[in-house]
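Shown next, in structure tokens, is the structure this report addresses.
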């Protein structure tokens, strides 16, 4: 299989898909957010534990959807683990697409950017008493 | 000017337009109706005096609109004067178009049939106390 | 394995493949080397030369605004526009052309009914019945009506096989039921619903029936009088016509009694500064400049379908669909949603354990095959089936068994490629 | 007679007549021998080859349903559809593409605002201001809203010259005024209304402003931010694009706060059996399959207009219109409705003592000239002017002074032919 920019399902993407970084839940989460892509139904939830030093101590994701949306969530969290909230906020949509690597058509960019959108909201969404 | 079926403004039509049969109002009217063509705004009102013998003793029209709608009203009333109500009811849309003579496109047929439609309603519309 | 006979196709049931020549868009190569295999027809179909040509002719020779114009082009456009209405009337067996309202699509038609008929007739405590398999376009407008009016929305459930549980209808129907709104064919399950029977029962309970016929009018012969439908809506773009045109059929008596909906040019009889009186049917519901050229081209699409014969279209699609259904089951782990082939129209939706529907669609596209993936605007149905998304292959008169074979072959390859392989992230933490 | 100088035309202000070659429909002969003279552009314009070609290309190469599709054709259509939105945004100077909602036309756009924004914001006793010169499409929806809500509808009056009596606006505007809905250009009088000034005053009084720009966007450079418009609606078919497509601009803040209007596919974020959440802008207001190909072709029409330059279009039309205005006054007894040439866009409506407007239109058509006759969907305006109907000649970039000359000549002949001749019915009773 050719590994070029055009190839959506590059080996390292499939690796993330099959062996994701921190898929699951985070009982110690201080912040969390969930959203979906209305066009297709993909769902991503991100749970964060933010330290008092402004750092992302730990992060987990859950959800369902295509290889792109799930692998990109895994890549994003692997990258963000230990980073500061400011660094997370400064991580732009462009950065996300670059991190993903494979070139995406506009429709598929939405898949790739879902977890990024959820992260941007999650850092502003403290977990309530009821765990939401 | 050629006088053929294609010619909308045949001389006898213009005659009716300029010298209409019974344009005006009928103080002795027992029945009356008014309607308009919503596409263009033409208005025709017909007032009838129906006898106990079921005959149209007298009839007048008023209104404003194109040569076709006004001349056709004149032709129609000239034809109906003295006829029975049953004869008026049996006078079909086709009869009206034939009476008019010149060939009309669908849009203009509506102009020609306005007075015919008003007549068909007028025979069923006794004049109220208030003269409507 | 012993029982497995390889599925076969009965070519005598198929339309001649030569009619593909009528569709310029099908003659193309995508991704450098793959002939286009268009299996996304339930979303929207393609157009034959004959329809594209009519659009061109209208714009190059006959076009002007309709109805109010007293000049040659306006007369031509008006005549062709009304001819199209007459073609639609005959095509669905309506009694009068005044019962045919041109809209911008199925969605617009259903909303028209929910707003005009609904707001006038549905009160707090009244009931609206839909089904679990409705497209959002035949669900959200009723949710909105229920919200505005205080009415209750009820759902005819479905079996695991994707059939309506019709028995429940008699308990769902009460004297408070005002309308039953149901799809004639599901856009995901392909199920052909028994709309005539549903209409009979709804009428017996005093309810009105709206049929979302977006997926049936293009494929199966439709007769609104035989069904007994009160309202029936469909879209031109799903039946070889351009986008931007749809049809709402309504029984004259109902349309006549309904208040006007959109206000504007053409829908009036007389206007004063402070009030208006509505026009007669169908103008009353066609406010503003209508989609003139798309409507005329819809007439041309109907001509084309009639020339081929809708029975032949139906037989062709049914044979293809049965073949696809049987062959797709060869793929290990593939789950087909909904009814067996004899209860369904020409589409098959399925899931694989891996990968997700979008990935299947993406990988099929790389081989030239266009299918649709996602919830197909039927989120409650997907919730009911406990799946997030599905992949749908939907057929029309120009599809071929070879296209089905390619679909099955590539789906099989995708299945193999995404079997868990014990991969590990490199340098993962 | 002494003062009468024969009107002249300044050809340096005109567009090259060669651009007529772009319009196939103009190259025809009607009624056997008369070259088509199309002066019905305010009702709907014609399309250049470049626009028709884009329609053909979309349907022959790029078409599939948009947004949800993960395959080549759907990606192409989606991209082109969104590109068209971006072209519209730039064309009218909106800030964001999310402020551009594709509709089926001006009428649909105004009704969307009257229903969604109106029902949410206008209460009993509130006030809505329109003008006496509004098209029914910008009047009836507000009458309907007033009827539903118990609000009061008020009218900015006009002078005998067809100008708004702007002084009255300050007395009409009260703290109960919720919206001012006004045409930027009258489709009968041609008056260019001072919408920026109206918007300024309305905003000062706390009211929202909707501009019916059906007659201005195709002809005059428009910038919604300079105007300060809250809503602005127009139609593709009046600006070289196909029928079935229109645009509603709304300020993001307002659109965001408005409830969804039509329910269905694409306008949702999530749907459950009993409820839904709406999508983000602009999808929230684009329920169902949109007019995909017409929208893409609207983009092509905008490209064409930008290539020619809207300033040049405006100058051309203004020069033609001034010339037509002056020359028509040569016809004995002819009355032109509305403002002097320097206050009007490119159209002239008139009446003759005899015959009626329809007859004038009919007789002009016999000489190949297409004009419109009737009330032009402005019945209250005609009542105000105390006329039943008028004849309108409206210009666009492809019209020529020679066409104006022919119009004037034939109108003069008609005037002569219908002078009272003392005719008598033959055999009349």
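In order of appearance the chains are A, B, C and D, and numbering begins at 1 in each one.
Here is the rule we go by: a contact is a pair of C-beta atoms (placed from the backbone, for glycine too) under 8 Å apart; a residue touches a chain by one contact, two chains touch by 3 or more.
Everything numeric here is computed off the predicted structure, so don't read it as measured data.
> Could you tell me which chains are in contact with chain A and with chain B alike?
C, D
> By count of C-beta pairs in contact, what is the leading chain pair?
Ranked by contacting C-beta pairs, first place goes to C-D.
> Among the chains, which is located farthest from chain C on the basis of C-alpha centroids?
Taking each chain's C-alpha mean as its centre, the farthest from chain C is B.
> Go ahead and note the Å separation of the Cα centroids belonging to chain C and chain D.
Chain centroid spacing, chain C to chain D, equals 33 Å.
> Between chain B and chain D, what is the separation of their C-alpha centroids in Å?
Each chain reduced to its C-alpha mean, chain B and chain D end up 36 Å apart.
> Just how far, in Å, is the C-alpha centre of chain D from the one of chain A?
47
> Please list all residues of chain A that touch 2 or more other chains.
As it turns out, chain A has residues touching two or more other chains at 39-40, 108.
> Which chain D residues touch at least two other chains?
68-70, 74, 268, 270, 358, 362, 373-374, 379
> Using the touch definition from the top, list the residues of chain D that touch chain A in their complex.
Interface residues on the chain D side: 67-70, 74-75, 78-79, 82, 268-270, 279, 283.
> Any idea which chain D residues touch chain B in the complex?
For chain D paired with chain B, touching residues are 355-359, 362-363, 373-375, 379, 382, 388-389, 417, 420-426, 428-429.
> Can you list the chain B residues touching chain C in their complex?
Of all residues in chain B, those touching chain C are 36, 38-40, 105-108.
> How about chain A: which of its residues touch chain C in the complex?
Going through chain A, the ones touching chain C are 8-9, 11-12, 14-21, 39-43, 64-68, 70, 74, 78, 81, 108, 111.
> Where on chain D does chain C make contact in their complex?
These residues of chain D touch chain C: 24-25, 28, 30-31, 36, 38, 40, 43-44, 46-47, 51-52, 55-56, 59-65, 68-74, 104-108, 110-111, 114-115, 132, 135-137, 139-141, 143-144, 153, 155, 235, 237, 242-245, 260, 262-268, 270-276, 287-294, 358, 361-362, 364-365, 369-374, 376-377, 379-380, 383.
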